[in-house]
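Structure provided below as structure tokens; questions to follow.
Chain naming follows the written order as A, B, C, D and E, and within any one chain the residues start at number 1.
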Amino acid sequence: MGVTSHRGAGRGAVRDELRRAVGKIAAGSAVPVFPMAGVGGRDAARRIRLSRRLEVVSSPRAANVLLIAGEITPRLLRPAIRIHDQASPPRATLFLIAGGAPEPDVPSKPEAGSNTEVAAVESALRTHAIRDRFFPFAGLVHQESEVEAASRALHRDLVLAERATEPAIQPDRPPLPWRGRGPYGHGGKGMTGGAPYGRPLPERGNDRDGLQLDRLPLRIGPFFPPLVPGLLLDVELHGDVVQAAELGPNPFSGYVGASATCPFMRALASPVRIADLELSRARSHLRWLSDALHALDLSALSIRALALAERLEADNVPLISAELARFSRRLERSRTLTWATRGVGHIRVDQVGDTHGPVARATGVEADARCDDIEYLALGFRPIVHDDGDAWARWRQRIGEARQSLRLVTQAGDRRSGGAGIVEDPRGMIRLQTHTLDSTSQLLPELVTGREWGDAVLAAVSLDLDLERDARLTSVIEEGR
Amino acid sequence: MTIGTDHAPLFADVLFWMLAVGSVLAGWRVFRADSMVRAAYWLLASFAGTAGILLLLHARFLGLILLLMMAGEMTIMAAFMVMFMMNPAGLNPMNMVHQHRTAIIAGVGAFLGLAAVGVFGEFPARPLLDASQVTADLGVELLGDSMMVFETAGVALLATMIGSIALAAHRGRFGPADEGSEPPALVPEAETVRPGDSRDEEQS
Amino acid sequence: MSLEILLVVAAALFGIGVYGALSQQSFVMIMMGLEMMLNGAILAGVSLWYFSAAGSPKGQLLAIVAMAVMAVEAAIGFALVINIYRVRKADITEKVKALRG
Amino acid sequence: MTDVAAGVLALGVALFLGVYLVSVLDRFVSDLVAGHGLTANVFWAGPRRAVLLLLQQPSRTERPDAEAWAFAPALLGALGALGLATIPLAPELPLADNADGIVLFGAAMALVMVAVFLHGWSANSVFPLIGAYRFVALALSYEMPLALVLISAALPAESLSVGEIIRSQTDVWNVIRQPLGLPIYMVTVAGLAFWGPLRLPDAADLSGGTRAEVSGPALAAWEVGRSMVLVAAAAMGAAAFLGGWLGPWLPGVVWMGLKTLVLLVLIVWSGHHLARVRTERFVVVAWVVLIPLALIDVFLSGWLALAAR
Amino acid sequence: MITAGALLMVVGTTTIALLVLRWVGGAVRRETIPEPQRLPFLGGNPPTTHAWSRYHIRYYAMALLFLAFDMEMVFMYPWAVVFVREGTVALVEMLMFIVILLLGILYAWREGALEWA
């Protein structure tokens, strides 16, 4: 992207020199990265927040490097292409193919020939195909540890103009042809008709307030930072209040099978060490805590929670649980956190089933698969229950469960549990015999309707949704039947 | 007789002409702009011009308070216009104008009439000399002679608050205004007919 | 910057206000015409306060009352606009011939 | 004319230092709270990011209001500069310190709402629009307590000029005389400069709110403008409540700088420790709690000023 | 110092900031921005309509309250200047004025006009 100046070569050389000097300064800055999480990429896309040299930005406009972690399923492909074109040049894309590092305490290499290993190779091939066809200039990384170095290299080359910015993938055409149409060539007609400048004007709709004003029908996309990756939410906004909400299709369904790395899935078939189960539960709750703090504009505290989650291993549990105790006491004492979440996303007891895990227990329903497991009862396990059913109750519920899990890990020794087709996942109870999966994402539309946008997002975050887990479980239950 | 600030009369005149022409042009743009938000903020620019001129006339407090008031008011006006206008952002340029000729004649007539009064009328020439105590004099006036104006303004503002909320708010203390509130029965004991009742349709 | 020029400028603002109030169809734009008229009035008032009234506080008070009128008029005007829109879905004067109950 | 030039120069230096200080403080507190080690990068990260943004291409949406979009960050910066101009940074450095300093400051803070609304509205995209309208609700509720609290500071000084207010605090600072003043001031000013827990227009739940569609130089100008408004607000807080340039041993300007720094640290610290508030609830709190409290503060300090006469 | 100086400084800062913004924007080689890059950001999906719409501000009752209550400041600034000279009479007068206006806020709060409509 050399600066071509038509005012003579001398002037051009000076400009290039100036451009290079400025580029060298800019190359030293933190790399603005916009992460997009596909299959298995959610944890990797969250972990880059920890690195000091990368700065995760909240919109593709401010991003230089677009990180695509994990496999892009067909329903995520077009949104990913749109976001790539929305990024402002100079831009570059980086693919992370290995689907993120496996859980630290699980054998990294799945046994050769097992169906998970075959599925991993297929997904890598599919990602290579997407990359070659749509993102020919994109960088490619196989291990998560190389992501930081690769994105800094891409950033350096972009800024020093040694690497050309990636052109737009979609054709340069307005959404609806409008030039030259309508009385003034702007595509409009009459007062509110036509498609002025390529888009129609919204229509009116009824409202609880009796004023018939415009409704904005929106599909909030799979890569909307405050919400969960992959979540498609069809929303009708009336001002900033959500008039109607509907859950879109799950983009991961049909592309994910049983995962070998998740201890809870393995516990469905064969018994697994209780220490592994509880460690993974604590890590999952802490990662949720990091996302929830980030949605409340507390990015520094969210990095601290994330650091706790990622440092957690079998050997440093006492240290981490002491740190977590201090951290959670401080959160529970913070009054602004209570004001921000109390009364948000209230769920009644009848709305919630007994397979909704922490969300059910935070509404007063004492339903936990671990209750009728003799191993857990021997450890003196008693489920934690809160009964307000609002976002603040769910916060305290998950923090309490994380601390309880860490206590269970220290006492568990190498007891084993599971293998009977029923297990308590961090997000709910999984029973193989039931035919359908009743996941907490069904609660979202009702929770969000009639709320102001800020409360709606806080309610959605407090549900701790995971669409990839839902897709995997539905496919496992399908096979089971 | 031109009035200059203490040591830069030319500078004050240039500034005055800039502000005056700017204010009038902004006023004209208000009714020419397609986008409602632009119309409201052109009006704010016109008010800012007037506030600047008030500052040059040593009515410092009035100019600044006009600017402060108008910032809030014009943003609310922009928000209300966007809320009710058919084509708020002017994406479909259209002119929402009627009886255009009479309006122009009335406008020009008003301008010429008032300008004539301004130019040919004799006004007593008692210019303000010491401008340092202007705000203090206003304070004394408000608390002393014009205390009635001050308090009645308070009551008028209270009436405005209650009136505008009673008119505009849909949901009062007892829930939405048009829900469950039954029209008064014509005959004292007769059973009232609630709007939307089946019997209501037969009668109307 | 003499009294005559100031009064001409104020008259110009007032004239634009009159044109705006008469020519526009939408309620809120008519209210902007009114505000423009009040703008001219305040400018004329303060100019006369400076040149002819030797800075008497009552002159300033007139300007403050004019601002109070502006605020009250805007508040009641918007309240009426909301009420009419809720009842009649009308935001331009054509549709509202009479303010029937 | 020379003292105007000196005043403008002093203002420019103060603004530049203030903006740089805000960026360093923000990164410093963020690293401290996040538990990272503290490195010297804190001092270079801000300017480097600004240079990087200058190289990025400014983006546009399908049908923006381009002029208003470009004008909004410039207006925000100009209002921050105007707010700081009303505050005499040292006894001999008054720039626009006319008799009605706090009214000019109030007008500048009221016009910040116009700049943020234009910045959100012009993008013609949903989330900046929601951010813009949210900020109008917030700013409408916070203009009043801010003006009332500054009026209560002006009562003992018997004048609206900031220099007089500072001189009236020679024997006791307003933060001691009027205990309610500084807390209410910090809450309203954090709201009007949309920093910390009151960062509603650019909140994370709108994925960046009014700056979700902004990139390149416009984003750099927006963040510089926002820091300028914060510096002006902190300086006015130091002048009206912490006695401005009054203080033993050190020269006036240094005292002013230190007190502004203390208030800046307070606001930036609150940004990383207090969760973002809910818009509707905080509008109600502003009308029902802050305005009555501010009025009580006005009458208390009025009664005190009478008693002290 | 003359207030016009402040005005000049504001106008100067704004224009300078605007020019720097435009010039710097221009310094980076600017091809015209292609249509797909202009798509508003909704997380990956295109919007179906323009965002500019008749936006239902939910706090319109509070806005009307603000319009009326804003005048209270206008009367309070001059009062503050002369308050100490005038003595307790001024205190009582302003107290009456403020109590009247606080009644308005109390009414609005009770009617629920401050919450989102």
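Convention: a contact is a pair of C-beta atoms (placed from the backbone, for glycine too) under 8 Å apart; a residue touches a chain by one contact, two chains touch by 3 or more.
Model, not experiment: these values are computed from the prediction.
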{"item": "Minimum number of chain-to-chain touching steps separating chain C from chain D", "value": "2"}
{"item": "Shortest path length from chain B to chain C (each step joins two touching chains)", "value": "1"}
{"item": "Pair joined by more contacting C-beta pairs (A-E or D-E)", "value": "D-E"}
{"item": "Chain at maximum distance from chain A, centres defined as averaged CA atoms", "value": "C"}
{"item": "Chain C and chain E, separation of their C-alpha mean positions in angstrom", "value": "20"}
{"item": "Inter-chain centre distance, chain B versus chain D - centres from mean C-alpha coordinates, in Å", "value": "28"}
{"item": "Centroid spacing, where centroids are CA-atom means, of chain A and chain D in whole angstrom", "value": "34"}
{"item": "Whole-Å separation of chain centres (CA-atom averages), chain A against chain C", "value": "53"}
{"item": "Multi-chain contact sites of chain B, meaning residues that touch two or more partners", "value": "12, 56, 60-61, 65, 68-69, 72-73, 76, 79-80, 83-86, 89, 91, 135, 138, 140, 142, 153, 157, 160-161, 164-165, 168, 170-171"}
{"item": "Where chain A touches two or more other chains at once, by residue number", "value": "59, 61, 86, 88, 174-175, 196-199, 201, 209-211, 213, 216, 218, 224-225, 239-240, 452"}
{"item": "Residues of chain E touching at least two other chains", "value": "2-3, 35, 37, 39, 41-43, 47, 50-58, 60, 63-75, 77, 80-83, 85, 105, 108, 116-117"}
{"item": "Touching pairs - complete list by chain label", "value": "A-B, A-C, A-D, A-E, B-C, B-D, B-E, C-E, D-E"}
{"item": "Contact set on chain B toward chain A in their complex", "value": "83, 86-87, 91-94, 170-171, 176, 178"}
{"item": "Chain C - residues contacting chain A, complex", "value": "82, 85-86, 89"}
{"item": "Complex contact set, residues of chain A against chain D", "value": "22-23, 25-26, 28-30, 32, 52, 55, 57-59, 61-62, 64, 86, 88-90, 159, 174-175, 196-199, 216, 218, 224-226, 237, 239-240, 294-301, 303-304, 307, 334, 336-337, 339-341, 344, 452-455, 457-458"}
{"item": "Chain A partner contacts - residues on chain E that touch it in the complex", "value": "29, 34-37, 39, 41-58, 116-117"}
{"item": "Chain A - residues contacting chain C, complex", "value": "210-212"}
